[in-house]
Structures are given as C-alpha cells and as structure tokens.
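Letters A, B, C, D and E name the chains as they come in the text, with residue numbers starting at 1 for each one.
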Amino acid sequence: MRPVLEIKGLSVDYGVGEHSVRAVNTVDLTLNRGEVLGLAGESGSGKSTLAYGATRLLPPPGVVTGGSVLYHTDEGDTVDLLRMTDAELRAFRWSQVSIVFQGAMNSLNPVATVAAQLTDVIAEHRPKSSKAERLKRAAEMLTLVGIAQDRLESYPHQLSGGMRQRVMIAMALALEPRVVIMDEPTTALDVVMQRQIMKQLAKLKDQLGFSVIFITHDLSLLVEFSDRIAIMYGGRIVEQAPAMDLYDKSLHPYSDGLLHSFPALRGPRRELAGIPGSPPDLRDMPVGCAFQPRCPKAFDPCGVSPPPLVRPASAPERTVACYLHPSA
Amino acid sequence: MRYFLRRLGFYLFTLWAAITINFFIPRMIPGNAVDSLLAQRRGEVDSQAVQSLNILFGLDKHQSLASQYWHYLVQLSHGDLGISFGNFPEPVTTVLGSALPWTLGLIGTTTILAFLIGTGLGVFAGWKRGTWVDGLLPATSFLSSIPYFWLGLICVAWLASPLGLPTSGGYTVGNVPGWNIAGDILNHMILPALTIIVTSIGGWLLSMRNMMVTVTAEDYITVAHAKGLSGTRVMTKYAARNALLPSVSGFGMALGLVVGGTFLVEQVFSLPGVGLQLINAISGHDYPLIQGVFLVVTVAVLAANFLADLAYMALDPRTRKEG
Amino acid sequence: MSQPIVVSPQPTAAVATGRARIRFRIPSTKVSIGLAILLLFTLVAFFGDALAPFDPSKRSNDILQSPSAKHWFGTTHLGQDIFSQILVGTRSVMFVGFFAGILATVIAVIVGVTSGYLSGFLGDSVSTLSNVFIVIPALPLIVIVTNVIPNSGDWAIALVIGCTSWAWGSRLLRAQTLSLRNRDFVQAAKANGESTWRIVTVEILPNLTAIIASSFIGTVMFAVMTEIALAYVGVSGISEWNWGEVLFWAQGQQALAIGAWWWFVPAGLCIALLGTALALVNFGIDEIVNPRLRGGGKAVVRTADGRKTRMRIGFTPVLTPRADIAESGGR
Amino acid sequence: GCGSSKSKSGGASTGGGKTVLNVGMPDGATLPANNNPYLDSSFAKKLGYTWLIWEPLAMQDEAKPDQDPAPWLATKWSWSPDYSQVTLTVRDGVKWSDGTPLTADDVAYSFQIQKDHKEVDYYSLAIKGVTTSGNQVTVSFDGSQYVNRTKILSTQVINKKQWSAMADPSKDTVANPIGTGPYTIKTTTPSTVTVSARSDYWGTAPKVKTINFTTYSSNDTMGAALTSGAAEWSYYFMSDAKSTFVAKDPAHYKLYFPAQLSADGLWFNTTKKPYDNPHLRRAMSMVINRDDIFNQGEAGYFKPEIANVTGIPTPQGEPYIAAQFKNISPVTGVAAAKKELTDNGFTYSGTTLVDPTGKPVTMTLTDPADWNDYQTDLAIIKDNLASIGINATVDKANDDAWFDNIAKGNFDAALHWTNSGTTPYDMYDQIMDSAGLEPLGTAATGDFGRYKNPAADAALKAYSNATDDAGRKAAMDNLEQLFVQEMPMIPTSAGNLGAEYSTKNWSGWPSADNAYEAPQPTRWGMEDIVLHLTPSS
Amino acid sequence: MTALDHEVVLEAEALTKHFPVRARGRAALSRVPKVVHAVDDVSLSLRKGRVTALVGESGSGKSTVARLLAQLYPRTGGDIRIDGVSTAVKGGRQFKAYARRVQLIFQDPFASLNPVHTVRHHLTRALKIHGRYEGEQSLTELLGRVQLTPASLYLDKYPHELSGGQRQRVSIARALAADPEALLADEPVSMLDVSIRLGVLNLLADLKNRLNLAVLYITHDIASARYFADETLVMYAGRMVEGGDSETVTQRPAHPYTHLLVHSAPDPERVRGATEPIDEEDSGEPPSLIDPPSGCRFHPRCPKAMEVCRVRVPERTLVGDAPDHWVACWLFGDEGGENETTALVGKAGDVGEVAEDGDDAELEPMTTVAGLETTSAEPEAPELEGAEP
C-alpha cells in the first residue's frame, strides 16, 4: 500500500490573532492508493475544515497554521500542497486532487451549461485538446455517471439534485485525478439515489483506480463502502482503522459511542447508547483529551495533555488517540 | 401566452397612465403659452399681440380639459403629436426628430460607455477586494458625487482652451453641413462625453463591485478555484457573469432615462437635445412638446425595460423557458 | 444506559463580551471618515448661522475678491462672503437631502414591502403605481411641480423630491420582498404563529436593511443633487441660501469666465464631499447590518515564508505555526 | 471660446475686401429654418433677417419715437383727420427679388392678409377695408389709430402672388421668400441662415455683401462667439460684458444701449398692507441704491441708472422734469427714510420695522430666476431694505408663474418695466392710470400695482387732452408731483434698446455720438443700420 | 397496545396539493394550466403519544404534506381535521391558535432561521407568541432540551455562527416552545451526527411519552424510523404507497418501492454478507410530477409492473401480516384488478398469497423480507433510553 496523500500535523485556524479558533489540530492522515478513506465524526469536529484546509480551498477567515500536505505522484515525486505557489496549485488542482462539495446545487455555476463547466476544466488543464475532444470527453463522463448525453446542454437548475451531484462527480473525475475528496455528497439525497451514486462511484474507482476521502455522518454508509475509517473529534483524529475492524470493535470511547448511537435497519434491535454531554467549545477546549469531559472511561492522564495518535499494542494495523490504548 | 399578454397589458397600462399624467401635470402650471412668450420676450412683444397669438395657438377656443384630453388621445392614436407652440408651426415630431439624435448620440453613447467601463472596473475592484484597489474606492465615490453640470462647466472653463476643444456640444455653428461634419461633431462631443462618463462610471463601478463581492462568496466560485481554472477565467466566466445580472435591469433603467434625465448636461454644453427642448417647452408652456417629450421618455423607458427583460432572460438561464 | 438531558448552568460573562465585540466593533477607516465628514456637515447645518463670519446676503465693498484670510472663499459681485454662504447654505442642503431621503425611503418601504408581501390585486396595483412613477421623468416633473407651488420653501422642495423619487427604491424592495416572502424563515415565523405585521416588520424588514440603507443614501444624494440642480437653474424657493444658490449666482455672473473660480468651486466640492461621505458610510452599512459580513478580522496576513498576503477565496494562506500553541509541535 | 479656432470660417475678412457680417442671437433654435415674418417663433424674426427681406412702408427710429418716420416703400402717407384711414403712395421702381415690380396690390394684400387672417394680425389693427387706385393704397380702420401710427407704417410688405397661394399663411415656412429688401437667402443650415446682397435692390447697394445670422444655443455660447469675434452683432444681457467682452478689445468691442423713456422699477401691490402706505414706499425709495443696481446688477451698461426722483430717465427725459425736481436724487439715505417712517406711524422694535398696525414689515420680492440682472438688483434692494429694518426675501419665480402672478396682482413687490413712449406720459400712464386696473385675480396689461388715485387719472387725462405745450407741461408737472409723493412704483433703471457689436470689420454703427438708429439687430431699424455699414479701414 | 388506543389529534383525509407552474414559451400556449401534482389523495392521522414516520424519495411530497398540515399552504383538495374538527385557517388569530397546537420543524435549518436575528430572538418570540415566556430561565430550559448547553454560549449567536446540526436543534427548540399537541418534524436530524441525532430523537420520544405529543417524523433515515416511529408511512411521487407498524414496514415491506427503499439503505451488515447484495443496476429516475405516470405512479420503475398498473390507481389494501399494514399496489389487489392481473401476468394471485403468508422464495423482493423476518423475530417496543418518564 503506497500512500498517495499524506497529511502531517495539519492545523487550521479560523481567524488570526487573538480571536482565532483552531478547528483542526495537528492532524495526521494518510490516504493510500486506490483506497476509500471514510472520515466521520461529530458535527463541527472539523471534517470539512480538514478537507478544505488540506487543499487550501478554505474561505476566509480560515488559515492553515502548520503542517504539511504531501502528495506522492505516480512517478514517485513528492510535493507539498502547502508550499505551492498559486500557479502550481492551479495546475495541481483537479488534475491530481479533485473535490466534490457538499451542496451540488451551489457548486455549479447557475448560468453555464453542464457542457461548458465540464469542458472548461479540461481546456484549462489540457490546453492542447480540441474542442470536439473536450466535448467528447464531457459526454463520456456523463455517460459514466449514468446521465444521458443530451443533458450536456442543460443548465444546473434543469437537473434534479441527484443528477447535479452526479454531474459534480463526473466533473471531479474528468481529468482522472488520483485523489477525490467528497464532502457529504449524498446527505441531501434519498437512499435510493444515494445508493445509485455510491455504487457508481465504487465502480468508477475500480475502473480508474483513484483514491477517495469520503466525509459523512452516515456510519452505515461508511462501513459499507469504505476501506478505512477515520473518526474525528474536537479537531483531531481520534481513531483510524479498517472499516470492518472499527465496526466490530472500536478502541476509542468516542468511536464506540458513535457506533452505539446509530440504529440498524436490519438485524435485531440493538440498544442505542448515545454519548452523553455536549460537543466541546472550540474557543475553550478542555485541557488534555477533548473527549475527556464526556468520556465514561476517563482517568487521570486524560485531563493532563491530549493523547497522541499511536498504534496501539493490541492492534498495530490501526491508530488511536487514547490513553486506554497506549502505544506498543 | 397568458404571461405574455399580462406583460403587454402591464406595458400598455403604464403607458396610458404615464400619458395621462403627462397630459395633466403640465396643465397645472399657471399661465399659458402666450403669457410665457410675452414674459420671455420681456416686453419686446407688444401687448397687443396677445390676441393674434391666442388665435395662432388655438387657445382662443375654450375647450374643456376633458375634451382636450380626448382630442389628445385621438391625435396620439394617429401618431400625431401636434404642433409645437414654441417652434410654431413645426410639428412636435419634427422638433423631437431633430433633438433626439443629439441626445441619443451623446447621452446614449456615454451611458453605454460608462456602463461598460464602470462595470468592467467594478469587476476588477470586486475581484481584488482587500488589495490596494480598495483604496481607489473613495476616489471613485468622489468622482461619482460630483454634480455633472458643475464638472461640465469646470471643463468648459479650464480644459477646453488648453486642449483646444470646443466648449459646446453639437457642432461648429455656422458650419455648412458636409461630410466633414461628423468629425466636427465628434470633436465637440469630447468634453460633454468626458464629463458624463467621469461622473457616472463610479455608480456602476460600486454596484458591480458589491455584486462581485457577494458572488465571490458563492460555493461555485470556490469550486471554480478548486477546478484549477485560471484567475481570469474564474473572474469573468464565473464571478462576473453572475454578478452582472442585477446590473442589467439597472442598465435598462438608465438607458430608458437617457432621453429625459440629463437636461443640465445639454444646457451646460448647449446641446440641442431632448432635455433642453423639454426645459424650454416647460418654460414656454409648449404643451404639445412637453407631452411629446414625455411620451418619448415613457416609450424609451418601457422599451429599455423590455429590452432589459429580454437581456436578463438571455443572460440568466433560470428565467428561460423550462426544458 | 440512560441519557439524561443535561442542563449545565455555566457563567455567561465571557460570551457576553464576545458579543459586545461584534456589535460595537469599531467601523473601518472608510466608514469612520465618512461618518466624520457627515458629522461635520451636520454640525454646520445646525450651527452654520452662528459659525458664519458674515451675513451671507450682506453686501460689502470687497467686490469679487479672491480667497483671503478675511474671506476664506472670496466674495461675490455684491461683495458677499462666499464662505458664509456655503456655511449657511449647508442647512438647506442637509435638510432637503435627509428629509426627502427619509420621505422617499419611507414611501418606498411602505409601497415596496406591502406590494411585495401582499399578493393579489392590491399588491399588483401598488406595484403598477410605482412603475408609472419610474417611467415619469423625475427632474422635469419636479420642475413643473415646484412651479405650481409658488413661494416654495425647503419643505416644499423636499416634499416634492421625496414624493417623486421613491419609485426605484420601492421596486428594488418589492423584488427583494417577493423573494423573502417565500423563504423558509418567514414561513417558519408564520408557522410559529407570528402576526403578519410582525412578520413584515421584524422578520422581513431587517433583511432589507442593506437595500433600504443604500437606497436611502442614494435618495439623499439624489435629493441633494436635485435640489442643487434646481437651485442652479433657478427653480428654487425663497432665497434661503444653499449650495445650488451659490452656483446659481456664480453661473449667472459668469464666475468662471471672469476668473472668479472661488465662487464656483467650493460649492461643487462640498457636494462631492458630502456624496463621498455618504458613499463611504454605505460601504460600512453592509457590514453593520449583515451579521454574515461582520468580523472577518484581518484581511492581510503574513504567510509562512514571510510574505504578506491577503485572505482570499480559493487560496487559503499558510501561516507559521502559532507560537502560543504549545502542542503544535506534537506530530 | 465656442467654436473658437475653427469657426473663424464665417468670421470677418475673406481676402482684402471685407464682405461678411456675422450676426448672432442666443435663441437656441435648431430647426429647418422658418422664414415666416408673422411668427415670433420663426428664425427670420428671432434672428432679425426678416427686416432685410420684407421692408416696412416707413422707417422709424425706435430710440426717437417723437421723430417722424422716414419714407421707405411708401414715399408718402396721409392720415384722415380722425386717424381711421391712411392713404399710402407706393414707391416706384422697386423690384421683388423674383424680378417682378412691386405694385400697390402687393401693399394692399399686406393689409388684406391681416384682415383675413386674424392670427397674423400682430397688433390687432382692426382693419376695415383696403382699396387701391393706381399706386395708392387706402387702408381704413375701425376707430382712431393715432397711437398705432408707427406700427401701421412698419407693416412689412409681402408679395401677393406668393402669399395668396398659401393655404395658411401662419403655418407656412416660406421656404423661398420673395421680398423687396436688399438681401435674399443664400443658404440655410440648422443654426445659420446666410443672406446675400441683391444686385437689383432699389436703394443704394449695401456694402455688406453677405450676412450670417447664427442662432447660439445659450448666452454662454453667444458670449464666447462675441468675444472671439465669431459674431459681431448681438443683443442680450451679458452680466460680465465689460470684463469679458469690451475688455477683450476695447478699441472695437462696443456696447450701445440707449435709454428709452421708460422705467424699470419695483412695483408694489398697492392693495396689500402695508405696501399701500405711500410713506413706506417713499422711504424704501430713499434707501435703494440705484448706483449699485446699475453697476453691479446691470453690469454698468445695460439699463441706465435713474437718478431723478421723478423716475424720468436722464438725459433723454431732462426737458420734461419739473423745475423743483431738477437734479433731485431719489436717494436721501437711511436717516431720512427712518424719519419718514417714524413720522408716519411706523415704529421700530429693535432693528425691525413695525407698521402702524403693529406687524413687522416683511416682503417678498419676486422675479424670474433667469433674469440675472433683476436677480442681482433684487439682492441689492433686499440688502438696502434691511438697512431700514425691512426683512425682504427674494423669490426666484418661474417665468410664466411670475408673469401670471404679476398680471393678476398676486405679488408683494417685483421689478418690472413700463411702456415707453415719446414722452414720460406712457410710463406714468402704465403705472398710475386706473383705466388699466383689473380686479385682483384678473390679468391686467397695465397698472399691475392696482394703483388708483383720481387725481392721477385726472392729470393723465389732462395731459393727453392738452392742446398746447403749456397745458402739457402743467399736466406733466402735476403728474411728477403726484408720482414723487405717492411713489406707486419705485423706479430704478431706464428701459433700453441696444446691441453689442464690433467695429473691427465694419464701421458706421449707431453710437452715442452717431445716434441715428436704435441699434438692436432684431428690430426693424436693423435694415437701416446694415445699409449704413462700411468696411473698417 | 394498538394504534387505536391513541386519540387522533390531527388527521388528513384525501389531502391534495397541486402547485401551478408558470408556463413559458410554447407551453404557455396550451389551454390546460400545468400543475405539479405534489401531493395526491394522502390520508394520515397523527395520534397522541405516537410517532408517525413518513419516508419516501426526495421530492415525493413529504415536506408538502407537512406544510399542508401546518396550514402554510392552502390545500387543493381534501380535509384536515384537528380533534375531528375540519379546519382551514389562513391567518390572524385563528392561525395563532392553530400554531399553538400544531408546530412544524422546517427541513432546512439554513433557511428557516432568520439570518439577522439571534437564537435568543427566535426562541423568545416563539415563547412570547404563545405566552410562555418567563424570562431567561425558559430560554435556558428550551436550549437544554435540545442539548445546546450551556445556553449562554448559543443564545446570542446568529444562525450563520452555528453548525448545521446546531441550527437544526434551534429549530426544534423553537417548535417546542409552543408546547404543541402535534409536532410536524421535517427531517429534523438530517444534519446531525449520529450521537446527537440519537439525543434529539430520544428527546422527541420522551416528549411523545411524557406530554402525549403526536409527532410526524419525516426522514430519509429508514433505520431511525424503525427505531423511533410507531407507525411508518411511505410516499412515492405524491402518493401514499404503504403504511403500517414501523417494524413491519421496514422489515417486511410489501410495496415494490418500499422494498427498493429499504434495500437501498446503507447497512453495515451487508458487507458481512448477512444480507444478499442487491443489484438493481439502475433503479431509474424519479417521475415528473407535472405529468405523473398514469395508474400506479411507480409502474415505470417497477420490476413487477403489470398492465393494470399502467391504467388504474391502486387502492389501499390490507396486507394482513400485521394489523394495520396496508399497501397501495395491484400485486395485493384482491378485487378490482384481480381478473385482469391474473389474466395478464398470472402472478398477482401468487403475490397476494405471498404477501399473506409472507413466505415465498420465488419472488425476489419477498425473499428478502422473509430473510429479514427470521432475524428479527418479534417486533418489540423500541428500547429508548430515558423513555420512561
């Protein structure tokens, strides 16, 4: 497993100076080639911030305050996204890493046709391509995500939510990037549509071999579709493990709480536990482990300093940030 | 179709209402055409002339206002705007015909130019928000707050002779019209055009800038950046294209008001345009001409609105017919 | 495992200060400058008579003098002090501007918001009314109407300007109200049981503040310009001094042709200055009324490689790690 | 200046001999030129070239109304004793510009058309009948035309053939006018009409071969043209004439504004309290500074100052001024004025004048906004009145509203002119004759102040009915006495005719030294002036 | 206890809502005005102390039903009864009285909070309208109910300063402020993470139990409907297609659409192979509501469509595996379509049978149902922590 994207020690703040808050705190995250990495966690735990911060698409007042985001090209070179100039970034974006934003309606330019928006990104990154080639590619991409080609001349408002979402996916894949980041791409859709899209994505991933960072609240979806899951809490990654392993046995009390909070559609009715207490205030983070005030298993060291993300002795293929699971 | 008919009905109603108001309001001014002719000539017209003038202008027959109104509507329906008192016996259409080209030529052109330049700069200023460009905004506001007639007079007094430019709009008086008149007219238009453009760019600039700032916060702009598109492309195709929409109807209004809105420019630059005619007509109780000008203005505003509607539809696919 | 609903009482002080910071944030330099100029003009409007060194109508033997220590803006062909005329004339300008601005804005809000919020015949006819008013050329109409009212003072001028210049603002407001009317938060207020007038005044109106404010400022400027243009062409009331009146005299006496620039220039500059001040305040209004645009903090930051860059969409700046966060090295 | 460098084309000299004269008026008309002599709105009349095409029967110097007119197209005229009929002898050898000779029929038709078409009967002459015999034309009228003698003789003679073919003489633009005058129209542009001299003119051939009549869109452009020399003859009020016009070329740029026997002054609504009080009016007159009005308001040249308490312009009216008023200035100062007031029931509360009923004296002075001179005059008057505690405000009215208000007596006080005439009678008549009095609210043509005084009426009647100079003198003295005592209107300036002109290219202009004609380019004397012009050396 | 033990608070019968569409261009020439058939012939009743879930695809009219019930839209047809009394209120006092009894939580928390007002304003107003404001205390209590604690942290925030989940909870708090009898919750938890979601749902359940609240719970999350709703209704393209006890509907769906829905829902167990993978390749596009399909609206996408489905609108039929389980599908039609269907497809009878015994392995959709049934032997009352008063 070779990593394609390595986020190291990334910190992202909103605002600078006195009133800034740290929404993402020294996060380490590795995305391997051909893998779907699920990112789940509490609302406001910094999932979106992490995704946009790493690609430097965070709107003001967001600023990246440290770390590095290393991208390993197929050729074996390594570049740091955080050190790129604007021009480099422009060339890099979409051709290597593309993003599907949360709201598809708002992601599409309302006054341009689907074709125009699909082709302009190709034109930008492949200036040598001819117009006909671009159109052909755009049509191909639409077919790939299951939209009829005659929709090329449609405007975004003429498409349903699901179609728009798929247009965005088609656009994200148009340049065959190595990494696709998706931020809650299906939250607003019904499950039928959601499944259609997810299956399409899985299929495309197998065909094209890109890697996906998939952000969602829907743990069931993640368990079903992702290879690995990372759980965020209070601006940090608290646990990272292969999907099934996590589902079977989570190490971090927060992940555990999450997994005991969602109802299952099938199978016997489980007892839903939930997590007592309320999310931390970013302005006033608890000293030590952010989850400690809500943690049923909190003990002395938790209140002192935040636990580092380590490979626990018990399960070396996963990482967890909890004093209950000290490093090997 | 229903929608279309409704629209049409709306335009017709507005037209009728405006015509009616335009008919009655001038008649509220005390005095009449003959009185004002006498007043204007300040004693030069013999008081004995009053009677012949009354007959001349048809003011001797004491028609009721209602029948005058009816008469006016009937006349209008034949496309006849009547005869101008002040330019007796020229028909109003002739007077307007000679005045309109000046107004449209100068003010129409400068309105369009100012819109284009102002909007273009506004796109830039909005895009570069937070940079040194913001520092230019107060200067822009300052320029746009200058009364244009004042600036016009200053230009006439201080710029014209150093630049060797004529001070009046229009053309060199006494010139025999010939093919070279175009150049002469252009030369005369430099100062007025400059004045109008300088004072009206600012408004467009500021409103476009605000729209740009709003639009750049939209998700699709971030997406466009994420797509790695060049800055220029994001600015024009994504941001400006969307930010332009609200300006379109404003521009339509401005175009419509070209005809009636700027008599002071015409006065300052002695441009024989519609605005000047209107002011002369008002002070001369030239009802037919006042009504004629108002009619032209009304039609122009409605037409410009209509065009703006069309342009808006063309620019914003969301308002177009659903597939 | 039970999941009680936790109500944990906590001190509120810290939050309250945070809030105060937002609400009473010192406006930007632009806005402060604008406000300062406006304040100055307002003061002059109130105390111009007292401040004026001379009676503005009083003639003297200093005929057509250029600016001097005695006559800051020089004198007229009648030996009147132009500085005093400008000072005394400020009141009329400010009065007409603001009175007409307020009047037009009130009418625009009433007409625009009701026609936007009410559907059906009433709404339609009210909006048609404003469309008719848009079509009628305002300035000539004002010329006509002021002719009808003889001996019109500032009140009359302001009334006429106010009553003829509301249509544009009302149209903007109507369009905006139409789009707000069906927004969920209005529906939600309704579903909550709010009364109609409260929905209009408390839920809808505050969302229109930016438009109302900028249309108010636009109308004030329009009213000022109109008053001055009217005075300049001689359509004005009783000879209270105002800046247009000064221009009227200057133009009547060919001030620029005879080289008496001091007679002509100050009034124009004052108008432009007032307009600039209003525009500067307008820049800030968005920030003040729209909580979304508040804050934002610094626009320019220093990046990790020491360059200064501004915060912009699409290219998040990368800063050096904050020194005060101890654990930032913890990777 | 307007069209400065380029517009010299129409300018003065072409080669050695000067042939072109440039006349301009600030009328702002830009239309297909209308040459109709009966329309005030026509180019011909606004610019004045109508007089060069259609000539009058006799030439009257308007500045000297008491003089007899000079024969022109009529060589002789004789009035019936009751002035209800005139017999004209038509000049022989006059050719129309189409080559046909002028006949008595043409002259007769010039009157007939006024009878047939009331809309061209400019002076409402009430023509009863026109007959011709040989080269004589007899026109008869309803009633005496004594006062209209000059107007009748100034009738322009038109070509019967041309005019009788017209459907409606008041609406025709007379595109190709046929006239007897020394010039014919050469070219027409929207702003300029060029006329050129005829070779077959009946009189002496004019030296000026070509005249450009140009309409300027505003006073500003007109002024610019005058100062640049692009225009050489005009008439309008230049507020800065001395500094911007004359000073540019004092040797050549001239102003000549001869006074008429008429007075401009402050009219009062004498029905309104307290303006009905003659003491108040007298006191006001005592402090109004005519000197300032002339020098600052009238730019030191336009309407000459009235320096005599009787309101009669001097020196023109000098002979008519009664002995006791000779050299008596109306201005006697603040102290005298205050005394006049306080002696007659007025009091002061602080500096404010309070009328006998206890109300502070205020007044609104109104005149149209665009009459710059009057506006300045009013500002001066306002300031002067403040010195005796009267708080006056100036209302800049719109022209028409003002005219209407004056005629209907709806005003406090306003600057206005009077009629002019051969003697001060016309002036006094308009001010004081209650025959012209209309009730408030009804438009009047004279006695705007609604002044009514049986003594004045009697004196006016005595003057007009007087049979000898002595009687006239007595009546006039009486009138002056009454006027000075009552001061129903406060005279400030004399009425005038006038012109701005340049002697650079052409000389022979009327001037104070050579006052042969009223100099205004739009009045009928202009033909006479054009014929007098010779190239400057 | 059965549904009938609970008193009906709010009831809709044959509710219909058509939105006129503004026709443009050529379409505008046609005489027939176009409408969106957003809701057609929908009947449901909300009972005291019961949660009724409404599931269905996007755009099937769920929100419209909620808004109709809240009287925010005038209805095109049908009737709404509150306590058995038919009501149609437009505004004024009447509306306020109605709003006090029936409250709606809007679907979109971004749009349903006024951006210029703080949380404090929203809640204070909601309390004051119904005369329940008793100072800061009531605000704190309200926020506490939706776990926005400490209240002081949120009271003075503007909506844009809150995360989606936080906003959603403010909306809920606002609706609760009226202390209604019926709560219409339109996807109240869609933006919350699972732990908070659970908290909110528990809250609703608690209110239901303690205050005897009638709740309409609109959701995409079928699993949560299973856990929290007593009854589940399924909508498709403006029509109600199935309804019944939640456990039954989610575990043994009868209607082909419900089946599709339930099986599209993500399920971790699937990966484990506990359930068979489903591979309907493309389940098709949702139908146009302007020109809805004739007959059964699902027929163009239905794998088991029969001729009758194209022609006639199926009626509600009791399925019979559980007391109140009904479905509107010709597969279960006993009369009406039977002759034709039998003739045409020859399966209808079987299907009917299948549905009745719930045990026929031939029919693919039903197998799954059967399979599921085995795992979840008995529907039991949802175990909700804190549900006991």
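Here is the rule we go by: a residue touches a chain if its C-beta (ideal position, glycine included) is under 8 Å from a C-beta of that chain, and two chains touch if they have at least 3 such contacts.
This is a predicted model, so every value here is computed, not measured.
Participant: Smallest number of touch links from chain C to reach chain E?
Facilitator: 1
Participant: Tell me, please, which chain's centre (mean of its C-alpha atoms) is farthest from the centre of chain A?
Facilitator: That would be chain D.
Participant: Just give me the whole-number Å value for how far the CA centre of chain B lies from that of chain D.
Facilitator: 39
Participant: Can you check how far apart chain A and chain C are, centre to centre, with Cα atoms defining each centre and the answer in Å?
Facilitator: Comparing mean C-alpha positions, chain C is 46 Å from chain A.
Participant: Determine the centre-to-centre distance between chain D and chain E, using the mean Cα coordinates as centres, and give it in whole Å.
Facilitator: That gives a centre separation of 93 Å.
Participant: How big is the gap, in whole Å, between where the Cα atoms of chain C centre and where those of chain D centre?
Facilitator: Chain C and chain D have C-alpha centres separated by 51 Å.
Participant: If a residue has to touch 2 or more other chains to count, which residues of chain B qualify?
Facilitator: Residues 29-30, 156, 217, 222, 224-226, 267, 322.
Participant: For chain E, which residues are shared contacts with two or more other chains?
Facilitator: Residue numbers touching two or more other chains: 147, 149, 153, 198-199, 202, 385.
Participant: List, in ascending order, every residue of chain C touching at least 2 other chains.
Facilitator: 1, 3-4, 6, 147, 233, 257, 299, 311-315
Participant: Hey, which residues of chain A end up touching chain B in the complex?
Facilitator: Against chain B, the touching part of chain A is residues 55, 57, 59, 86, 89-95, 98-99, 101, 103, 106-113, 120-121, 124-125, 154-155, 157-158, 171.
Participant: In their complex, what parts of chain C are in touch with chain D?
Facilitator: Within the complex, chain C touches chain D at residues 57-59, 63, 77-78, 146-147, 150-151, 233-239, 248-249, 252-254, 257-258.
Participant: Touching chain C in the complex: which residues of chain D?
Facilitator: 220, 223, 238-240, 243-244, 292, 296, 364, 368-370, 372, 375-376, 379-380, 382-383, 386, 393-398, 400-401, 405, 410
Participant: For chain C, which residues count as touching chain B in their complex?
Facilitator: Touching chain B: residues 30, 33, 128, 131-132, 134-137, 139-141, 143-145, 147-148, 168, 221, 225, 228-229, 232-233, 247, 251, 256-257, 261, 264-265, 267-268, 271-276, 278-280, 283, 286, 299-300, 310-315 of chain C.
Participant: Can you list the chain E residues touching chain C in their complex?
Facilitator: Result: residues 67, 70, 72, 91-92, 95-96, 98-100, 103-104, 106, 108, 111-117, 125-126, 129-130, 140-141, 144-145, 147, 149-153, 156, 158, 160-161, 171, 174-175, 177-178, 198-199, 202-203, 206, 385-386 of chain E touch chain C.
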